[in-house]
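Everything on this sheet refers to the single structure shown next.
So that you can tell them apart, the chains are marked A, B, C and D in the order they are listed, and the count of residues begins at 1 in each.
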């Protein structure tokens, strides 16, 4: 199915499609907390298109990077040379992120549920897991403190879009409220996948399907989702990447194909 | 009486005497938290005599200063140029002082009581004082966190050595314990005045007179103290500043007579 | 949650007059930070010129500029950990206000230095409180209800419950700091004493950085570790050379110790203090006029020689 | 109260062999910090060579060096907020230990990055706990009893009691960090990413700084703001060029991304992993031998060009 969609969109790869869609969603946003990979591509493309004033803040402490090459990690030396500021982790996590200066945080996950809670710790039981995953990193803090969170999931399967998480590493605001603590941010507002876009407005809302990629049906997305997926009254079809977007992405953002594979 | 003592000690001024006595007490100490004035002179003289490895840490954030001129404030530009490190106030107070890296802190006060509690806030009632004093600065933190505290008081009078403080800005460990909190340091261990030296070993101890300057009697000190002063079994007479100490102080430490007046 | 403001866009560079007019309103809580070094005096003077009233001023070391703002009638509440003219003497107006309610009372919140540091840290980090090992046994909590206690959920080494004092966050409406240089986006570089400036900026709703020099982007980007405050935290950049006088700017000009010594006598006499304000603040259109009135001969006396930092190599990918 | 140690005296400069022999004991809690940048790999390798056992390793991003120490049997407990081979893949030994207790179990304390930052902050500041706005609703507190809650003594905006999570201090027996340069007293200068290194040093009973270069006092003193860790917090200085490989040292050498990618395959096979340790750790007498074995041609591939910081002027009194 993924190959079918690629054919429909022309010679557009999955990475390109997700990057372009994520970039468009950044319209009007200013400070973005991004890991390396697709979020970096999305933020860079947004900078060249819909959000010229965007600033990417990296978990490593870099603000206002002007890299000579596309960075290979969130701490790549090319992010530091020529940057506007480098902060300690205490300042980055304390004053910038928890201080409320991030508009959008990008996160990924092994599993997500209908409320936008995330699992990046284990598949199976935590004490003796079948798969030990990397864990939170800064994801718990991004979710707790960014105004909103975008999740990019390459694979859209019932296992990854789970009725119940094996473990909740990174809770959204609904779980925070149930824990007796008022959340500061909205939690996940967009999930961008190979099949389409899910959206959520805030506390109390479930993720719902708002858009599909060309050639993808609502039923396909329902079948690929592990819970009974809500669907918006009007499901739009994602506009395929334009020639201009693809040219910028391929020629200016990632000419060496570090991520665009 | 002060003049009489000065005559006894030769042409030694009160500033010189206090600096020399304080310097001798720093034998074996390494990190000293010092304000400007007599503590700076004492630490510098100690560096040249009894404590060659001493490091002075300034409240402003300077560690390992190598000033070209004697500094006029704890934040003097000459303390920064050529220093080994300059820290933020959060690091200085949090990691260095509260973190437990200071052996001796120097403090002054308008009033001190028999337990080494200090008042630097007001004379009279706090709400409408007869004299508003500068307040704590970092004194509360120095007392709470330095291993021990030396107090230098130029004037030794019943008003300044008070039966009861008008206000306790900076509590010693006895008051901390009474407040239900275990203190980290010993509190005041030395009070150096124009009349002699009072000492105190730790929690539960009162200050007691251990030494007098030449020509000063125990009775004079008792009369100048606002509480019934305890006296050590053996009260020694302070050795007057030696010619070598005075030469170092006058020629090397403060040749421009910034503090030695 | 604080409001989302456009802090990355251009257009931040403005005059002190514009910055004060835009960001300081009657009744606001205004932080002015700089510990002996880089005191934002020129900002305080412009607040006086524009006649702001009913301000709460937050400043660790309340010194000459606070005494001047008090005398000008701008301030009804002060939050501080040291109220004195450095080691040079007293603040006359402050003492009259507190000791005699003359000409009017001054509400005063008294902390220690680290208490203030922790209030800024809590404010910057959006924490409900910040713990510190101060105040056990002090009379300060009895006159300052902001200082409270929390019981640690971890037992102490001896198994007992451990208590610790805490202070609440401070979130000024606006913070002013002075710095050596910034770029037009607000990336601010400071060397020498850096004090509590970064936290005071992050704690505030709005932040104004007053600089000796506006520099090209390349200057800042050559040394990103020197940036104490990134652009995203800054709302306005004001170019105001010598704006920290009588304090100093490391590498730019030295401290005017004579003025510190003189202030005790000036401020002791309310008439003389008001004459000083007439001549030096109300009587100058802006800080450039104040600087000019002092004269080049005066500034030559505060000039400093050169002591260069040396360079480090950030490296570039080949 | 921590012991009073002679941290200002001379005699701190020593070999890595001496530093590990002096400061790492079986059963110790050892922190190795450096966030992608300046990872103290050479220190980890010497701990392996000296056969330390039963260590608790504290490291925010447990990556290749931790996987190697696990494989060498040095570690029984890990405290971390990320266990992965950067973005390049998995840590084979770590997964075997956790997923299959193969060859033995590994006790694991799982935090998030800021949880670890706050543990170091509490440790450095001698606080019983540090509050943070994380973990509300997370399953982490259910598997990590170190993560607890405190009720703020200040009411929330709506008047209700406000709860916040806290983490306990971490106070390693020894912390190792890698840095670009230090003087012989231990004043340590780092540029580029500075991570959590200063707090990890202040939190520890003993601290070892591993440097690319030992520099003259004058170099450090020309730029005191560049000093991230002052001498009073440092117990030993080890000169060990290229000691951060396969991570990088800003301005000195670039990251060995090929090795990161290779590690996933090496570590997936326990035999191959142990062969790698035989050849590259046990088979090299020290890090200089490891560097020589890699060869100058290899290092030329990680060389970086020059990008100088520019200088600032600290000024001197005339």
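The definition used in the following text is that a contact is a pair of C-beta atoms (placed from the backbone, for glycine too) under 8 Å apart; a residue touches a chain by one contact, two chains touch by 3 or more.
Because the structure is a prediction, the values reported are computed rather than measured.
Taking the mean of C-alpha positions as each chain's centre, the chain lying farthest from the centre of chain C is A. Measuring from the averaged C-alpha position of chain A to that of chain D gives a distance of 29 Å.
If each chain is reduced to the centroid of its CA atoms, chain C and chain D end up 35 Å from each other.
Inter-chain spacing, taken between the CA centroids of chain A and chain C, is 39 Å.
Shown for chain C are the residues that touch two or more other chains, namely 121, 126-127, 132-133, 156, 162, 164, 192, 194, 198-199, 222, 225, 250, 254, 304, 307, 314-317. Multi-chain contact residues of chain A (touching two or more other chains): 62, 77, 80-82, 86, 94, 98, 145, 184.
Contacting chain pairs (ordered by label): A-C, A-D, B-C, B-D, C-D. Across the interface of their complex, chain A is touched by residues 35-37, 60-61, 80-84, 86-87, 94-95, 98-99, 101, 110-115, 117, 121, 132-140, 143, 156, 162-165, 192-196, 198-199, 248, 250, 254-255, 257, 304, 307 of chain D.
Those residues of chain B that touch chain C in the shared complex are 36-37, 59-62, 72-77, 80-82, 86, 88-90, 93-94, 97-98, 117, 121, 126-141, 144-145, 167-172, 174-184. On chain C, the positions that touch chain A within their shared complex are 1-2, 4, 6-9, 121, 124-127, 183, 185, 187, 198-199, 202, 217, 220-222, 224-225, 227, 229-233, 314-317. Contact residues on chain B toward chain D in their complex (touch as defined above): 30-31, 53-55, 57, 62-64, 66, 68-69, 77-78, 80-87, 91, 94-96, 98-101, 103, 145, 147, 184-185.
Across the complex, chain C is touched by residues 126-133, 148-154, 156, 162, 164, 166, 168, 180, 189, 191-192, 194, 219, 222-223, 225-226, 250-252, 254, 303-318 of chain D.
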